[in-house]
């Protein structure tokens, strides 16, 4: 049994798995999570989930049982690791963020089964499961190639925050201006700065639903200038991220060059130069 | 005849052609394919193709004959290549994906002529011909300069997949949230997660048709946050591709520098440094 | 008192502060400015600020007092600096752009309190306060990492201006063309070049409200070409900025490499190379 | 007079001007062109140009006279250059593209004055003047810093063409698919491939007017996939241009480093390299 527990621990805990990517058992559980999300999505559709509640009730029961089983196995097998040995170790593991999310997801699924409602309450609980996939992705994030986007984004966090701050100021200025010039004519759309902000966000992100837009000439001129500014709002983070990725890839190549044949490491034999 | 067959094979098979780009015969066939697509597009327009069916029937007959002729010539001339010699070789060539697509395109065109309908059935078959142009482009992809975009995109496949996965998760979370807060007021637009996904895709890609959009304050706040996230959804792949292209071009320059005058290969004469 | 004035000067004047980022006192004032902006935004909303005027009157009085106090303290403490000593120095400081903006913001806030109106007049004056935050950001711009975006954008000012100029020409050509082909059918939307420019800006920035769009076939063809051009209008500044950021980051790394371990500084020990 | 002609030639011909940017005389003429375009734009507005025809008639007469004068001066002064000496030289100069455009612009302006109509005919002729500004920009394109965008775009012409070709194929496939699935329900919007192309262009460029959009579930799924593809359509040219600009800037720096202090040119003489 001890061998089985250790084997299961290596299968279930991504940090204990020595192979490439996810372990076979975790791949199966990831597939189950994805399937349960697809089922939850489809169930919300009245013409499918509303018309045929029984198969979805059955499906949810199976998924709830699988979620509970996974949680129990994880809690039991984690004892194979030194830091989570014994009852106290299991309790400590049970209080980690991921474990609590696991438990909540299982409970939420059982509640959905018990209530049998694909209503607003169920959907919000299902969202927890969706977010769980996000954490799963984070866990599987072990390969160095996969880390580049995360590293590139984090290394330019200050620049990205600054460009977000700039976008926020442009948002504030443009919504204030349109509140001033269009607020009187279109009180519903521009009657207050918070209302005008809906227009400003939709314009600055170039989404442009068209549900609200200026009607006066001066409003159109200001909206046009806002729209032109939106290009900078998009181009700035794109440029920062492009530079960050370029830098991250180049660093990777520099490293591999230093260890490999190396373009820069010229006279290694004779000069014993300090590298 | 053997010389003619060999000449035709070099003209028809892009891999046998030693000149730059496409051979003269393949250029003519590409022009025919493009013309037949333009004809098919125009024929679907009721005010043109529907009003004057006869000239289009004639055109399609000519194109069908040309397609069939090209297919036959290609099948005959391929025997000039060692690997497709004899009847067995011709059969093997006929079973390659491109040959099957060629044959299906010819059959589809004859069916359109026989039925004389520019309806839904004909359009889907015409699509095969459109996809054929895509394959033609792939075939003509021999120059190294042309390969850079393909190489750059492929070398960052993992990163692009990750940013697509991130976009998918944002899509799921935002559509679930708007289903929760707007589903009750606008059942047609947000009454299920699949329905809300239409809004989410249109918003996250910044297309923003405006056919569906939130009406409640909380819905607008969440939609605004989704719209702001859309900038990252676009900036991430743009940044990855920019870095990939930058890298591909630099690699190309590094190589040409190594073979050419070379900025880095400094002390070749004296030090005999290991490069 | 002299020590207190010197201490206050170091707290209030960002250029005198030797610590990282903003001084504690300036952080508090920044928070007050942000809070007063949020209050002003919320006050414009009729269902909140219009329904409950008294608490907002109280809030604005407090903010006005704090603004005035900050202005007075800044004017008194600046005397601790050599260049602003004495009455003449204080007068010189009071005439700097930032001080005038500070004073105007305080006066505007008192006027809002006195008039008690969250109308169009108050909103435009509140905008001054918003712009003040922009200047505050500029002041806090002391870290070298934060300067990169500003430097990157400035170093490519000529290129960005050129791409803006190109966008302007495309705007002019496309709005003239659509005025010519759609002006007769849709006089309200395309009846003059200035009117068609609203459509052109909304299209070229890919906002696309959909309030105006061509209806004729030739108009749609021209609008389609304009929409395709819009990709270049966005890709050009994005590309310029990406290159500018990439360059700025690389320069930073070059510098740190020269001072640090350095990849390029090869033969330091033996050859006495001058670095 | 010969000296005056030579002086005028150096002032009017950008290639003969030795100073930085545009000569003073050409700056004045550029201002006149820009003013005449603004006047033409404003004149098309019925509430301004239609209501007050007399001042615009006066303005246009002045501009027509200035255009004609500029053309005559240019033709006369070009004789100062060796290659355009004598009557034959003047005739050769008059037949260059720019001279013909100059002459046409002047004639068009006189025709507008004579007809006194700001109608569709006048607008299209005014477009010639707009395009003339484009050529003026091209002429003033002498600084090396200004040439980078032009050089960067041109050096990646093949890649940009390929991404445009890819966009065209996506356009064709998506419009064919939506014609197939939505053509029956919405004949006006999707009843033929050319009609569906309007939707496809508006979607792929993320403009998204919202005048036409799919209504069926399968249509929305295909439109969603098209919208997702649109990100690649924008990211690809942005990435190519970013890499092109990055390359152009780096090349510029490489060159200045080679001529200046130089990071790479280490041990040129013996080892006492000049740094």
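By letter and in written order, the chains are A, B, C and D; residue numbering begins at 1 in each of them.
Everything that follows uses one rule, which is that a residue touches a chain if its C-beta (ideal position, glycine included) is under 8 Å from a C-beta of that chain, and two chains touch if they have at least 3 such contacts.
Only a predicted model underlies this, so the values are computations on that prediction, with no experimental measurement involved.
*Asks:* Matching over half of the contact pairs by residue number, can you pick out the copy of the A-D interface from B-C, A-B or A-C?
*Replies:* Selected from B-C, A-B or A-C as the counterpart of A-D: B-C.
*Asks:* Where the centres are mean C-alpha positions, what is the separation of subunit C from subunit D, in Å?
*Replies:* 29
*Asks:* When the centre of a chain is set as the mean of its C-alpha atoms, what distance in Å lies between subunit B and subunit C?
*Replies:* Each chain reduced to its C-alpha mean, subunit B and subunit C end up 42 Å apart.
*Asks:* Identify all positions of subunit A at which a residue touches two or more other chains, and write them in rising order.
*Replies:* Residues 197, 206-210, 234, 238-240, 242-244, 246, 264, 266-267, 271.
*Asks:* Does the chain-touch network form a line, ring, star, complete graph or other?
*Replies:* complete
*Asks:* Which part of subunit A faces subunit C closely enough to touch in the complex?
*Replies:* Touch list, subunit A to subunit C: 158-159, 162-163, 165, 169, 172-173, 176-177, 179-180, 183-184, 187, 191-195, 197, 203, 206-210, 213, 220, 224, 227-228, 230-232, 234-236, 238-240, 242-244, 246-247, 254, 264, 266-267, 271-275.
*Asks:* In the complex of these two chains, what residues of subunit C are touching subunit B?
*Replies:* 206-210, 238-239, 242, 246
*Asks:* Help me check something: in the complex, which residues belonging to subunit C touch subunit A?
*Replies:* 37, 40-42, 44-46, 49, 120, 123-124, 126-127, 130-131, 133-134, 137, 143, 145-146, 148-149, 152, 167, 197-198, 201-202, 205-211, 233-234, 237-238, 240-246, 248-250, 253, 263-264, 266-271
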